[in-house]
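Each of the next two complexes has chain A plus one other chain: chain B in the first, chain C in the second.
So, the complex of A and B:
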């Protein structure tokens, strides 16, 4: 495999395949994904809706619901394969050593319980604390994530919180047990821009202060540029490019990545047309035979490559810590 | 909270006045003459004139209504044409039977219906789910009187002389006469103590009359089951669909991601939310139970509100029809008030700040 060696990996996903067995056929939502997250590293996982980012993260926590199933691969967490654990062992990892925050912070909190009690629950599950002690620690946690007047907020119900406030509560809940890995699935998508910046700052602080590894899943390259150390770009269930953030933005290789970067509107930059990637994400039931991006790829036509529609490209190393899944960079490809 | 209660209470007054007017009008639209219904076909015109004079039936209809409202406000529901006793006395004797029956039926419906709904919602599309839902659909469609007759046939005829036999009618075995608690405790007999002593099971419980207690419970089983079937089926279906909705929501995913065991995810996080619409349905089923009580009490020969109302309608006993309908309507209003309060307890979003 060609993924770059990461010192002290916290999470290593190898050849993960998560499929959904629907009436219309098998949806290959995740199809052979490799990812590595180092200790204290922030990894950005980027792609369009439906490319398998969220399914990858839910697979890590083994929370894929019927009709979905992890059919192949290993997910090593500190060298231990999570897919080999019993449900009970897995429960003791969820929310304790690996935790997650989601896109809709208000909807992700249970409307009938107070914010504080939902955080306290984490202590009740993982540290066997009594309700009272858990509540006290929940208030501390709320203070840590920058919520003013934490005692009053702890008694508030989710509908009484703003989106940004609710996401801070979610972060407090996720960090309560001091996890080694935080998976943030579109953590800022539902928030106002100014609040987005605050949440991004908060996540960066968490990494710096606590050394927590973070996977940030997003479709927003702007956020990735802000926060991630390394970026993996996902397309139609597979990783198509992976590089250190600066490299990726300075020298994007995969035509899809270049398309994504080209379609970012810049403040103050008035262009008649934003670049768009033509076509649509392929149907994950009926995938194209060769490269999955081939039907939308202009670079392929310009280079006159035939192999793209015939054979599936492998991830290849272009540079140290820069891999891409594209025949354009493979010597001798026709 | 007190203000919310008061506001809800005041808003139900127009409902009750509306019910009064409707019932008053309906009772007088039933074809036939109350005098001849009460005194027989051969009552002469002179006798009927005297009868109408005595009960105010010769006054203009609006005056009759005015008198009725004034009487109700002072707690006087009139006198039964047929029995010659005050309607309140009839209520004291018969309302407890119906409350016991409806209460037992509601308990069965909730205790069986909610868990069935949870199981089939959680094991959605499994064999258990399909079987439960087929059962629920049959339960909803089954007429109460038919089910009552079938239960009587199975448990009192087919299984007679087996340990599973159950009494098919009445409130107690023949010859058993319960001692009212006020007599046992040396309390005076008045409207309230008499009313309370008519709750046969409660009365037997507090005065340790074990023979009466077991007889009363056995007699209650069949009518309560017959009455419970439809609300039970409705509650099971509602719980199932409501739980299914909730299980797909984001906060259930959060609860799982926290490391909660599946049982806590369902019973703590999902169920509390899923119960909100179910509580509303339970309140509304109460109306269904009161309607069903008319049939159930008639079939199982229980002298409750339902049977009395049925008899009163067939004999044009206006005052009884009015009085009992009023009480039924008021209890419906009260039950729904309780549901509203439960709702504010269960769902912080509807709590008034």
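So, the complex of A and C:
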């Protein structure tokens, strides 16, 4: 459990378990996740593909579809449990108070409507604005996200926009209703590096200007280093380490985090070998009994820890703002 | 951006005053520069207009579509201005004007005696001006086909949307009903429907519509199934769009393209089926001029008065060919845009 004192939390996820009931067995995509996002904070959620990052975010919006189901936990949004709301109440929160941007910017826009009309629709739904007023506000919004010549762009169809442009439109859509929390699921993955930098700047600017809390989901540590105030590292459905960004990069504790940071290739840095984490993410249906990272963990072997394969580690406080789920840091574990 | 990236080969980084990790001011300046430099490249040329304008431009390049459209415009003009174009009312019996049944065509320009009245396609078995009947026939044929397709596509779309969107037992139930309809040869089923409802134009239209509903339902359902999984649908859900709005405002417009193509081709089929039913005496009843029933009425005179069979048949073919060519052209014009 995070003991980090976060003032004025916007979102508090407690013990979230989202499972998928497939024919082959129960996939524990999210298995006991705790997360807190403060007001105006940017939280980075990092992990390999399939570790449950996206499922966590979809759970927050309650958009988990069959055969998935949120089986446990609470998701407090300003102290109100989202899991207890009716579908109708939830719908009024989606896009209005919590919104989301997706990985594929062009694919996330409806191909048969213009960019402007899609943004305008958010106003129609959540603020009951008429089409015309909505369109005017859509143009304003496009300008805010840094789209040149917004009036012309508002009339463009998604296939006429470049990736970076489309992502700005997505962001404009997500921000249209002035949400308190923005979830960005791999917002820059599909973009060129130069455009990535622009989008990152834009999100930071949004936080600074509007005080929006942002959860950035990514597998790219570079982006996290750029943008996040705090980072949660996810592995196989659980949080394995959480710390303030600077601390995490300076003193990574969990062997998995260290492996992730070590495996970043750097421009201009010629090495014979790039560090890799051996093995693969465990099968989420048939999870290892002890620590989920144990089968891939070199540090465990070096330290000669037996407990890792026998017991599940708890989150341990390293200091006020740094927790890690690893027996290496538990006193008496050796 | 790479300046700010963490370099693991360095000593542990501590954020310091002169080199903080998140240099907001510094990146602000860079951003403005970057934006100026890159905004040109970030903008794709978007001089093209909407979807339909693109499709319109595309279709003008297709010769077959142009031919189809020309054939159909002629038919439409015939239908719209029938009272002006036709020299006689279609039902008027002209025996008192010196004609006899099945007179061959008489065209003054081609040397027909001036004292005989001009009938460019001759006289039918009941002493009526055949050309006038052909012209009025365009009205019945086009109207019946359009109404049948409209009816079928509205119902088919509704069924397809609901089945595809809600899935589960709703989908199973609706599509099995459609399969049952589809398992009968369409004309046979239409004959059954007309037999139950009784012959007549309205019932023939209804029969043809009911028979073709499954085609539309299937096409729409399959589009819905693929569109439902698109990311923009999840994006819309994340924006708080309700299910019905999602269905009506988001998914439905995306199914329109294939729908328009098969509806156009469907009109051709409907024209043919209306004519077939009328030919069998189950559709349009005499004396209403309809090409199928006109064909049937004179079918025994193929050798003695071939013009009375030939022109009615030609018109049916004209109509079917027009819609088929237009439909093919539309498909070619709209589909590549989707692939882009």
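The rule is short, and it goes like this: the second predicted complex is superposed on the first by the 331 of 334 C-alpha atoms of A that agree within 3 Å, B and C clash if a C-alpha of one lies under 4 Å from a C-alpha of the other, contacts with A are read in each partner's own complex, and residues count from 1 in each chain.
Basically, a residue touches a chain if its C-beta (ideal position, glycine included) is under 8 Å from a C-beta of that chain, and two chains touch if they have at least 3 such contacts.
Note that the structure is a prediction, hence the values are computed from the model and not measured.
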Evaluate whether chain B and chain C can sit on chain A together after superposition, giving fit or clash.
clash
Is A:194 touching anything from chain B or chain C once the two structures are fitted on A? First, second, both or neither.
second
Which chain, chain B or chain C, ends up touching more residues of chain A in the combined arrangement?
C
When the two structures are overlaid on chain A, which partner does A:93 contact: first (chain B), second (chain C), both, or neither?
both
Between chain B (first) and chain C (second), which, if any, makes contact with A:26: first, second, both or neither?
neither
In the superposed arrangement, does A:264 touch chain B (first), chain C (second), both or neither?
second
Is A:63 touching the first partner chain B, the second partner chain C, both, or neither of them?
both
Would you indicate which of the stretches 45-53, 207-215 or 297-305 belonging to chain B has clashing C-alpha atoms with chain C?
297-305
Let me check the overlay on chain A: which residues of chain A are in contact with chain B and also with chain C?
61, 63, 91-96, 99-100, 102, 104, 107-112, 121-122, 125-126, 157, 159, 170, 173
Give every residue of chain A touching chain B within the complex, in rising order.
61, 63, 91-96, 99-100, 102, 104, 107-112, 121-122, 125-126, 157, 159, 170, 173
Contact footprint of chain A on chain B as seen in their complex
249-251, 253-261, 269, 272-273, 346-349
Name, in rising order, each residue of chain C that touches chain A in their complex.
1-2, 4-9, 12-15, 21-22, 24, 27-28, 30-31, 34-35, 38-39, 42-44, 46, 48, 50-51, 230-232, 234-242, 245, 249-250, 253-254, 256, 340
Can you check the complex and tell me which residues of chain A touch chain C?
61, 63, 91-96, 99-100, 102-104, 107-114, 121-122, 125-126, 146, 148-149, 152-153, 156-157, 159-162, 164-165, 170, 173-174, 193-198, 200-201, 204, 208, 221-222, 225-227, 245-246, 249-251, 261-262, 264, 266-267, 269
